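The same subunit A turns up in both complexes below, where it pairs with subunit B and then with subunit C.
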Partner chain A sequence: MTKYILQRLIYMIITLFIIATATFFLMQLLPGSPFNELGGKMTEAQEQILLEEYGLNDPVPVQYAKYMLGMVQGDLGVSFQYDNRSVTDIILDRIGPSAHLGAQALIIGSVLGIILGMIAAIRHNTWVDYSSNVLAVIGISIPSFVFAGLLQYYFAVQWRIFPPSFWEGPIYSVLPTISLMIFPMAICARFMRTEMLEVLGSDYIELARAKGVSNSKIMFKHALRNALIPVITVLGPMTVSLMTGTLVIEQIFAVPGIGEQFVRSISVNDYPVIMGTTMLFSVLFILVILIVDLLYGMIDPRIRITGGKD
Partner chain B sequence: MDNGTKKYDLEKFKRVHLSDDANEELSRPQLSFWKDAWIRLRKNTGAITGLIVIVFIILIAFIGPFMNEYTNEGANYDAAYLPPKVKGLEAIGFDGIQTYEVQGATKEEAIERGLAGYEIEEEYVQDTEVVITKEESEDGYVTVAMEVDIYAARGLEDQYFWFGTDSMGRDLWTRIWNGTQISLYIGFLAAMIDMVIGVIYGGISGYYGGKTDNIMQRIIEILSGIPNLVVVILMIILLEPGLIAITIALTITGWIGMARIVRGQVLKLKGQEFILAARTLGANNKRILMKHLIPNVTGMIIINTMFTIPSAIFFEAFLSFIGLGLQPPIASLGTLIDTAFDDYRVFPYMLLYPAVIISLLMIGFNILADGLRDALDPKMRK
Partner chain C sequence: MEPILEVRHLHVVFDTYSGTVQAVRGANFTLKKGETLAIVGESGSGKSVTTKALMGLVAKPAGHIPEGEILFDGKDLTKLSDKEMQKIRGKDISMIFQDPMTSLNPTMKIGKQIMEGLILHQKLSKIEAKKRAIELLELVGIPDPANRMNQYPHQFSGGMRQRVVIAIALACNPKVLLADEPTTALDVTIQAQILELMKEIQRKMETSIIFITHDLGVVANVADRVAVMYAGKIVEIGTVDDIFYNPKHPYTWGLLGSMPTVDNEDEKLMAIPGTPPDLMNPPKGDAFAARNEYAMQIDLEEEPPMFKVSDTHYAATWLLHDDAPDVEPPEAVKKRMKGIAKGSISAGRRIDVE
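Presenting the complex of A and B:
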């Protein structure tokens, strides 16, 4: 197990190293400097001082080493868009609403999904099952920004039930959360249903029934517990959907989070912020995948990793 | 023999001799793998519905732009922001009536300001209705919904824009179906490239095994750790947004899933007897791989490709939406949705049609792919 974790950690570091290197050389290829925005108010000498100050006159390998060292210490460079603000600062400033929204969508979405999938499995081949299937297909298929647009149009503009945009209180998070949670919910429901059906058809459920265990006890004590384990694996795709989701949904609902900042940075070519956010997303994704793999190995003894053949 | 049975003449009963041939005869007609899969797919109502939806959308996507006289890029500023109007369908909403919401201190003032703001003559206003009264509103203004026969107001009574027009007066029917073509093109192209790379990579990795496999798998492991989103965004920034850039960006990590599946299948199949037989008969590696292994993995390849198409269509739309997609005047469903977001509160039809079409396409591909998985891979059936 320790060997496996170590191996995974090494892969993780290699992957992050490749991403960081790629972003660094990409930034070298792109035009523009952090001081362009000051609008030619600087003399040549002043610009030289600033370039020296930020180490932009160093040879590329030195810059690369500094960049990598900085990244390890959490320094992601300086934004082009906001005078002299560090990217780390901007990200920290904006991570709150994104984290709030993401957590809310993830928790509500997966809980609803699990319940939906469970009900569908218990009422297998009835209208409940069919409609939950239809809901899952729709949730997986419809792009979140399309869904968000329709929600905003009907619930905010037409019927005026919820505020259409901004971030000023819990009520403002309702529509963005719904648009963001629809994919996690659908994928959870689908997965839960298949797992539950498989578990319900197994011998130990049959045995429990034979010895007279009550239906609800079978469902919650025997079936649900075992069916829940594999659902952990969908955490990976769910994180990806949350990341892509925040980019568009924060923009649609004007939520001051990382996603909205990211889209804005793309439109004004603020490369350091784009790269910084990219790194953040990569770290997040890689961590989630690692956690999923480790958790899965720990919870389910059938696939416990023994650390190779020996 | 008792009386009961006596009335039946013994002659009537003859022993049927079991013929040896009948034993060997197959009770059912022999079905090839594909025929069998098709029968299973046909029974799946959802998958067939999905197939019909996709075929229908593809057909209109190619025929649609030729169905009226407007062109993709023909701008006409007199016809900007016209709502949908279809001859004969006026009764169900395609009547070319635009509803504007205008504000003012009183109802009359609101209407007056609306007429001036949108440059409309009063005679074309068909109906007005107060939506928010002064008491209900927070800022003390009356909001009035004003229904205007905008086609008449612009002097375009004889024109019919079936899906309306955009901010430059371009016909949305033509643009949406052209955009659907572009979206489909990206989806299919990305899926094909993924398939070719994935099958070759996975096939080689699985078939040769050993050191080759080990190195190739380590590469995959590292690549798959990088989130798709990150790769795509980095590639687009590097390559200048465009059709080719998007396709390259989508395929650069997209083939990994396919490679993994093909490798797994090849690993499973390569130890079986028919491969040994082929080898004994002197077939070389390439022949075994191409003629014996890959055809046996075809089902899995098709299933996976069918799942790639909608995800490529989604990613293209997503990139367009965050400003990294296609650049105007080329339109895809994604760019159309993106532009529609600018003023969909007043002109919701601009968002509605591309949104519905992309949703139908995605649903269609997803349920068809689900159905195919059930039909082609009975073991996976759930």
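Presenting the complex of A and C:
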């Protein structure tokens, strides 16, 4: 087990190296320079001094080598858009709200979705099932920013129940969380319903019935665990879509999160911050996949990773 | 012997989009204490649905029992609520399923799967249930039971899994055991082992068994009595000797004629022509008439009642009516009967090489 995780971590480092390299060279294709934002207030000479200062006049391979060397030592560089703020500092400052929002949306969304899917399966081909199906289709097909706008309009502007934007306390997280969680909820509900129906029709559920086990026990002790296996599979990509989903949602609700920072950095060619944030997203993504793989083994004994005999 | 289970005029129907399927159309039989009753018939004849009805496991809401009684222990099982049936299932009546590869929960340790029924019906504590589960695994011949308790189904072979399924069925000393083709999914050597195991268990525990199969070799090996089922009805019922040496129904002849024995390798097997009737619109008269070369005019018009052949032997065919001509079973079937007498049925019987 430990050996397996170690092996996965080594693969992870290789993957990250490739991502860093690709992003670094792709970033050079961005039009403009970090310092023409100031709208021609700088003279040619001043700009040259700044470019020299930040090492942007070096040939690209040299810049690349310098950056990678720094990254290995844990130094992600200094931001261009803020005075003297290190990228690590900016990320640490901004990660809190994003993590909060993402985790909240993922947990509430998937749990609600699983429950909804189970109910739909138990009551399948009744109005309960049909309405949960309609809800799921709506949730999957309508993008989160549409919900965000609607929620803001009704709950904040019309009825004034929740604040429309900013990030000043738990109540500010309600609307962005709802707009983010609808997608994972809908996906989980769809998958759970299909899987649950299949599991409930299987021989081992019939055997459990033949043992005289009650319906509720069959649901929770026999069916749920087996139906969860494929749902775990979609949870991985869903976590990623939540990460990218936050970019837009954070903009709409003016949440000072990492996604909002990421978008702004791209528009002002703040190379170090773009690099740092991309690396952060990549690390998160790879970790999520690893966690999903480990979860699999916990739920399904057939694919449990054993130490191996060698 | 006193009857333990009586099925009277049992009907099971399924509502589908294209119509109502009459899967069981008035089945009558009794199961006596300590005996093994085999129900044979081709696919779709209603064998499995009958056992599902006995367990109260006919899939609702599509399937239901419009008519008939299942008398067990002074109660009519068709009238019991879900909750009441839950108390009987697994305790008084339990079931062995056909395919051991799919009938165990893949994410639950087998020990837990056996203990579940014990804790539920016999109110045993976890420790007691564990002790009993180990005993059960020992009884069904699984080596090293204490360690095997903590393993998952995928760590067992097919034959071993079927032993686990049998252990689950036996957990609460059921009075009636329903075995729905328990050996069909197993290879021949394992089949013989499982059959031996079931016979041994019956001797030890005096359980009554209903054994569903389409393998007549297996029937000859395990059963005391045989019921032949066709199109949702029992068409002939009798002791093993009655059915194998003195079959009366042309359908039974057909079944016997289509059974391979060791002796008949050089001749063609008899086949029953045609296909079973559409149970959505069952034919008027005898359901077998269309495939029956001995069919008479009356077979097309009226359903034959059960004619008594002897105290133990009944058959539903107009050929047994006083006015019917005497018809002998075809030569091939007679030969087959001789083959059975010599004990040369191949399937399901252990062949000792000496």
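The definition used in the following text is that the second predicted complex is superposed on the first by the 244 of 310 C-alpha atoms of A that agree within 3 Å, B and C clash if a C-alpha of one lies under 4 Å from a C-alpha of the other, contacts with A are read in each partner's own complex, and residues count from 1 in each chain.
As a working rule, contacts are C-beta pairs under 8 Å (C-beta built on N, C-alpha and C of every residue); 3 or more make two chains touch, one makes a residue touch a chain.
Keep in mind the model is a prediction, meaning the values are calculated, not measured.
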| item | value |
| --- | --- |
| Clash or fit (per the criteria above) of subunit B with subunit C on subunit A | fit |
| Superposed model, angle subtended at subunit A by subunit C and subunit B (C-alpha, nearest 10 degrees) | 80 |
| Which of subunit B and subunit C A:177 touches, first, second, both or neither | neither |
| Subunit B versus subunit C as contact partner of A:299, first or second or both or neither | second |
| Partner chain in contact with A:285 - subunit B first, subunit C second, else both or neither | first |
| Subunit B versus subunit C as contact partner of A:146, first or second or both or neither | first |
| First, second, both or neither for A:261, with subunit B first and subunit C second | neither |
| Touching partner for A:274 - first (subunit B), second (subunit C), both, neither | first |
| First, second, both or neither for A:208, with subunit B first and subunit C second | second |
| Touched partner set for A:14, first subunit B, second subunit C, both or neither | first |
| More subunit A residues in contact - subunit B or subunit C | B |
| Touched partner set for A:226, first subunit B, second subunit C, both or neither | second |
| Distance of closest approach, subunit C and subunit B, by C-alpha atoms in Å | 10 |
| Subunit B/subunit C common contact set on subunit A | none |
| Residues of subunit B touching subunit A in the complex | 46, 221-222, 225-230, 233-234, 237-238, 310, 314, 317-318, 321-324, 337, 340-341, 344-345, 348, 351, 355, 358-359, 362-363, 365-367, 370, 382 |
| Residue ranges of subunit A in contact with subunit C within the complex | 202-204, 206-215, 221-222, 225-226, 299-302 |
| Subunit A partner contacts - residues on subunit C that touch it in the complex | 55, 57, 82, 86-91, 94-95, 97, 99, 102-108, 116-117, 120-121, 152, 154, 165, 168-169, 171 |
| In the complex, subunit A residues that touch subunit B | 11-12, 14-15, 18-19, 22-23, 26, 29-30, 137-138, 140-143, 145-146, 149-150, 153, 157, 194, 197-198, 240, 243-244, 247-248, 251-252, 262-263, 266-267, 271, 274, 278, 281-282, 285-286, 289 |
